[in-house]
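Report on one structure; see the data block that follows.
As written, the chain order gives the labels A, B, C, D and E, with residue 1 at the start of each chain.
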Amino acid sequence: MSWLRRNLVIIIGVLVMLYILLPNLVVIAYSFNKPAGRYNYEWTQFSLDAWTNPCGVPGVCQSVGLSLQIGLIASLTAAVLGTMVAFALGRYKFRGRAGTNLLIFLPMATPEVVMGSSLLTLFIAMGIPTGRTTILIAHIMFCLSFVVVTVKARVASLDPRLEQAAADLYANEVQTFLKVTLPLVAPGIAAGTLLAFSLSFDDYIITNFNASPESVTFPMYVWGAAQRGTPVQINVIGTVMFLGALVIVLAGQLLGRRRNRQVA
Amino acid sequence: MAERASGDLVLTGVTRTYETFTAVDNIDLTIPQGSFFALLGPSGCGKTTTLRMVAGLEQPTAGTISIGGQDITATKPYQRNVNTVFQNYALFPHLDILENVAFGLKRRGVSNWRVQAMEALELVELAHVAKKKPTQLSGGMQQRVALARAVVNRPDVLLLDEPLGALDLKLRRQMQIELKRIQSEVGLTFVHVTHDQEEAMTMADTIAVMNGGRLQQVGDPGTLYEKPESTFAANFLGQSNLLRATVSGVSQGVASLDVHGVAMTVPAASLPDGGKELWLGIRPEKVRIISDSADATGLNTLKGEVTDVSFLGVATQYLVAMPWGRELTVVQQNDGMPRAQLGSNVTLGWVPENSFALDASQDADAGAEHIEDE
Amino acid sequence: MAERASGDLVLTGVTRTYETFTAVDNIDLTIPQGSFFALLGPSGCGKTTTLRMVAGLEQPTAGTISIGGQDITATKPYQRNVNTVFQNYALFPHLDILENVAFGLKRRGVSNWRVQAMEALELVELAHVAKKKPTQLSGGMQQRVALARAVVNRPDVLLLDEPLGALDLKLRRQMQIELKRIQSEVGLTFVHVTHDQEEAMTMADTIAVMNGGRLQQVGDPGTLYEKPESTFAANFLGQSNLLRATVSGVSQGVASLDVHGVAMTVPAASLPDGGKELWLGIRPEKVRIISDSADATGLNTLKGEVTDVSFLGVATQYLVAMPWGRELTVVQQNDGMPRAQLGSNVTLGWVPENSFALDASQDADAGAEHIEDE
Amino acid sequence: MSATTLPVTPTQPTTAGAKPRRRRGARVPYLLLLPGLLWLVVFFVVPMLSLASQSLQTGDVDNGYTLTWNFATYADALSTYWPQMVRSLVYAGVATLATLALGYPLAWFIAHRSGRYKNFLLVLVIAPFFTSFLIRTLAWQTILGDSGLLYQVTHATGTEFLLTGFKDVLRTLGLINNDQLLFSPFAVICGLTYNFLPFMVLPLYSNLERLDHRLVEAAGDLYASPFQAFRRVIWPLSLPGVVAGTLLTFIPATGDYINSVLLGSTRTVMIGQVIDAQFLRVLDYPTAAALSFILMLLIVALVITYVRRAGTEELV
Amino acid sequence: GSAGKNPTTGPGGSGTAPAKTAAAAQDMSDTEKVVNWSNWPAYIDVDDKTKARPSLDEFTKQTGIKVNYTEDYNDNDEFYAKVRPLLEAGSDTGRDVWVSTDWMVARLIRLGYVQKLDMANIPNHVNLQDSLTQVSFDPGRVHSLPWQSGFAGIAYNPKATGGKKVESVDQLLTDPALKGKVTLLTEMRDTVGLVLMAMGKKIESFTDADFDAAIAELQKAKDAGQIKGFTGNDYTKPLASGDTAACFAWTGDVVQLRADNPDLGYVLPQTGCTLWSDNFVIPALAKHKKNAERLINYYYDPKVMAQVVDYVNYISVVKGAQEILTKQDSEVAKNQLIFPSADTLSRAHVFRGLTAAEETKYNKKFQALVTG
């Protein structure tokens, strides 16, 4: 009983983690399926077919490539713009602060269909042909708010005395920003960028409105494929992306630990 | 790039006002090159603000600051050859200790920064933790890193804002010795802010006592302690017994006083200008408990009852109640001699030359830092 | 609900081990009800761990803890009638001062919590800030709130973990007086952790000196200070001069010693058991600088050169170099008498009864807390 | 990415300088804002304005719409679709509470009990995003289906009674209608909860990670039982994280409808689905636009009230 | 067959306003050997091994024209919403040809968004099934040629019905055994059409009142909790797993599902089923119109179409494909759902064309049902 009480948090934590991961486990399992027909719905037989040929379905790997590219550019751009806004909001008092806060928050409250379609109308009015560029613009727009919210918290908790110390130690404004401010806010920016990347990588509705036939992203591909049963390759790619993220973090951590050990 | 402008640090009419509140009020001060200067005063009196103006982190509302005759009032912090050891250390958490110390050197493009930074770390005996992060260090170690980070730049002036404020007593005393050693080794001008009066006295060549944004008194520790010019200085720098006295006459350089009906004397030279009323001050350690047999001629004496005895280790502190209600504090070194008992009636005495006289218009409790008015 | 179990706090064989490291090692201790007990020792010696076990925040690996004969070893913190004033105050930042103080009362369902909490705030003279938030208060005020928050529960035992550690000297001294006053007013058992030896001596009825998880010596402040039983206690509780000495003979209750070729005496009763080698200890304030004219009969004397003079305000501290290289520390109260000059040759002397002798097998620097080993 | 980060919290000011302050160079904040806000103005505000105008137009797709300031559309839209509107708020609200109930212990676990696996667990929370949400939501069909994973696992382990009991509870709560877990309010809320859990966990984590554990001990020392310590100390101190998390969850969840489409039934239609149909199928742009604005307005109003009550000063 | 009787009752593609003419762009076909084709997912033959698209590759090989084949047509409405602003603004959609369902073709023609086909470039158009040569949505077949066609009928999973067959729309909407486990299609013409026919109405010539009655019927079933949901193509998964007991479904899907799950039942109700076709159209301002027409021509070769049908399993719109397939893959050739008999075809009907006003009105009512 007391064991249960002591470990309750761990037990609940593990259960919730399981809840979060359960669908991914299903996705992983079905990446090893060998469906009899063209629908990967029912478990039929274990097979590595899809794993040995992940790009086997036409277009799927191009779409992943495009999504990665868009996710990267969009999240990085949103990170830069969002960080600047976050600094302004977290650091300064100025007229229009409340309005700015509202403007940051509204896109999160706007239904995606609405955003996607009204943006498309705008692009046409502006004469911007749909495609990679318009997807990027849209993604940067909706990622911006998430970056701002994330980074602002970090900026607000930054100790201004550290910047003063840098100035005291002969660092001019630019050096102070690059050598002290930025590294200290970096974890917040990293978190915001990661969040933005995952939002961009996974967006369908807004993307679909602003895409062209040449710019089919991974979610668009999946959406289409899901209309008539997703090919096993999609599970493979989902699994690779999922595990890839984990491996990168683990590798980073191991590397960091090794470096620490060498120093110590 | 910082310009070398070695020489005295001079503040002229420096004032800093925040909206309606004047934090620093028209300060004139000359701090000779190479001296160890302490700025002492209660919380909120403007010490940090003064330092920040010298460092360039704050702009004076009025007045000028110069080093070695060169006016630096308008220059940016990074253009001044002044470094600060911040009250809270302000070490860069993302850099390791060596990088922290080397920060200023690198900014100035010093090429052998590694060698110089390691030397500075050796100076504070921390070379072995060069690769650790600040959070992995204890408070005392962090403080020394902050010191090394500032000292390594060989600034014209080193500002120390209560660098020992967060240390415990024992470590604090050791760091004081360390600071003194470093100052004499590298020969910089140190401006040291503290509100620990004992710290100021043991370390500084010159002490300035500040209150409410103004300088109260500037001088060497001995003079400030033995001859305070205000009740504030008298109370803030150590303890003082202040007795209400009326001058009854002056002859041959000696003033006769009436203290609650008891006749006393004080050197006439120490009398303040103005009226006949004054505060007669005497330090607790200057008061002796006189045995019945002893000769009390030439001493000012008072009789009272011992109401409290506390053993301080090195010394014992007595509170002795006077007939008019007020208590006198007496400190006697525990040199092995027998001492007074709680409740006994004793005679207190002191050499008139050891006392001082202050203008009676002041508040006797100024600077005594009562709990209510922190 | 906390059970009332008034009476002595008794620790029996209490041990706390973290993996391989023993933080507290088999401690036996009885703290009488209503006493003011101080736990003194260097950083990391196990003071906090001991308190935490009494509070129930940590479980002893072995041993029992009881209050008034009732074993509380296995009870939860909230079931014990023990309260703690934490080292960092640990005030609840989201609650105002009154709510902070009333926290424990409300948890125990005391209905007139408001009245009691206000009384406690008046006790610490903070009734006027009842509606403020902790961050709006200065460090000293926060400390007093923490105290009120604990005292208001009238616990059997009040644990104070370096409550004054973060205060500056002046405020610290005032809070010490405050604490004493409250303790005598409410009559609780106080267990006070500190590593400020002066604080321990002025405040406590009984002091326990801890080192490396073990109790070194327990006693009243005077005895501990005047007759330390180890070099650790001698160095940790104030400063000590320790001289290497060899016993050359004992007669009529007086031992003759040879100290670097100088003959001295010490009461034979103070000799440790064991060999002929010993440390002769003498406190700096017990050493007098003897004028040439003075009579030195019956005193142990040494000659040396003054190498450092530092003015401490109340007193002056001298370092006097002995012919064999080591320096002796001498403290003389600034009672207005003329003192020795830097560089002059002086004779030092002390009454043999004021010195103490310790087993030579110990490290003379134990407890002197060098910078290297914080 | 360091373990101590991922802060999505409006924090308590931790240092004296944390509060926004006025600085010299009043132009600096505006320069910083310029590119980001310009982006938002051009690509969000302008379309929204044209949408606003659309909501007041009358006409049809073929013959075009004209601005007639027809506010009646708002009244009509609201009177027709208020049940879906209310349902969306309720589902999003319940899902938000569920993410809070599940996310809090998880965030606590990661912050205080996970040791060096902290980073790993944090990424594990966000990693599912990298597998398309559609596949993951479809996976819930596989899990919740009548003969799905849940059924098979309980069946194989002889613990079917657990599943039956669970269904009974849900039925009593009105979260399922018949014997099916899938295509029920329960499934929709379960999907919403699942999809937005990371948005709750991350801000909560960064808040709880900073919680001073000594305060919890102090509470215990002052006679607070573990529950009371949570209720009186931990919970109020974590409010900023709770507020950030609930906003990041509630706001997007209200407009979401993929979960309702794939996991719900005709009785779980959410407002996003209505807006989608008006936009795409009925081509009634004024109604769709009006519904969007009503939704946004409702959310903003709710959020402002909520944030005020929770005592966090700034919006998000 | 009788389904070939062209539904002449509707007002055709003309609506109330005369159809506008779509703008043509300068045709770059001769200089740019490409054609951009948007199609529905999984609507073309794929080599299951190499995952290549054999018929497309062959086309390129023959003509040197590269096909940018994009599967971004998931749903008529969604696709329309995507291209409408472009068409309305008079800009190029970036596509030379796509495949729209009949009623959508009507709308596109009405609004002047699609160009006339140049039959001179499509000599093979004569291979079009007779039954599809005259359609109300594109009188005279000047703007469109079908790609595939199919039925909407009733599919059921015996596992979930308890072995029971589901044979009529009435049963689907009322049988308590199916309660809460029925899905219908969000495609209004299929769902309402099947119900109208079950009510004895003709979908070629129903009235507003008929439409309302059908909606009321559906509403009743929905209120009774019979209907679980309205779906797009995503009805397949729950049907296969048995979470959906019975539903309206399209033929091609069911043929595919049966490969995994041979027990699945499929019924074309006696009261009638809908017949739809998805048609090639060339949007306004398409840059490679001639290439697109060559592509259409290519697929109207029975041999090529046989290859496609063999894979996608919808109804062939090209004459002669069955004969070819009978030789190659008799299974498919015998399948009633792919090559329906005359009897089967007699039950199939095409939803009448709607005027713009009707379309809006009906859509509104139907969506009120779906999202209500």
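We adopt the following convention: a contact is a pair of C-beta atoms (placed from the backbone, for glycine too) under 8 Å apart; a residue touches a chain by one contact, two chains touch by 3 or more.
According to UniProt, the chain labels map to these proteins: A = ABC transporter permease; B, C = Spermidine/putrescine import ATP-binding protein PotA; D = ABC transporter permease subunit.
Not measured: the values here are computed from a predicted model.
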Given subunit B and subunit E, the chains that contact each of them: A
Shortest chain-hopping distance from subunit A out to subunit C: 2
Chain whose Cα centroid lies at the greatest distance from that of subunit B: E
Contact-richer chain pair [A-E vs A-B]: A-E
Inter-centroid spacing, subunit D versus subunit C (mean Cα positions, whole Å): 56
Rounded Å distance, subunit A centre to subunit D centre (Cα mean): 16
Distance between the centres, which are taken as Cα means, of subunit E and subunit C, whole angstrom: 91
Subunit D: positions in contact with at least two other chains: 138, 142, 279-280
Residue list for subunit A, restricted to those that touch at least two other chains: 41, 117, 121, 159, 161, 223, 226
Shared interface positions of subunit E, touching two or more other chains: 78, 81, 234, 237, 241
Set of all touching chain pairs, with the criterion as stated earlier: A-B, A-D, A-E, B-C, C-D, D-E
Subunit D - residues contacting subunit E, complex: 60-63, 80, 84, 138, 141-142, 145-148, 177-178, 180, 182-183, 261-262, 264-267, 269, 273-274, 277-284
Subunit C-touching residues of subunit B, taken from the complex the two chains share: 43, 125, 138, 140-141, 165-166, 168-171, 174, 178, 195-199, 201-202, 221-222, 225, 237-238, 283-286, 288, 310-315, 331-336, 350-351, 353-354, 369-372, 374
Complex contacts: residues of subunit A adjacent to subunit D: 8-10, 12-14, 16-17, 19-24, 26-27, 30, 41, 81-82, 84-85, 87-94, 97-98, 100-115, 117-119, 121-122, 137-138, 140-141, 144, 146, 148-150, 152-154, 156-161, 187-188, 190-191, 194-195, 198-199, 201-202, 204, 218-219, 222-223, 226, 230, 234-235, 238-239, 241-242, 244-246, 249-250, 252-253
Residues of subunit B defined as touching subunit A within the complex: 1-2, 55-57, 76-78, 82-84, 86, 88, 90-94, 96, 103-104, 107-108, 131, 149-150, 153
Residue ranges of subunit A in contact with subunit B within the complex: 159, 161-162, 164-172, 175, 179-180, 183-184, 186, 263-264
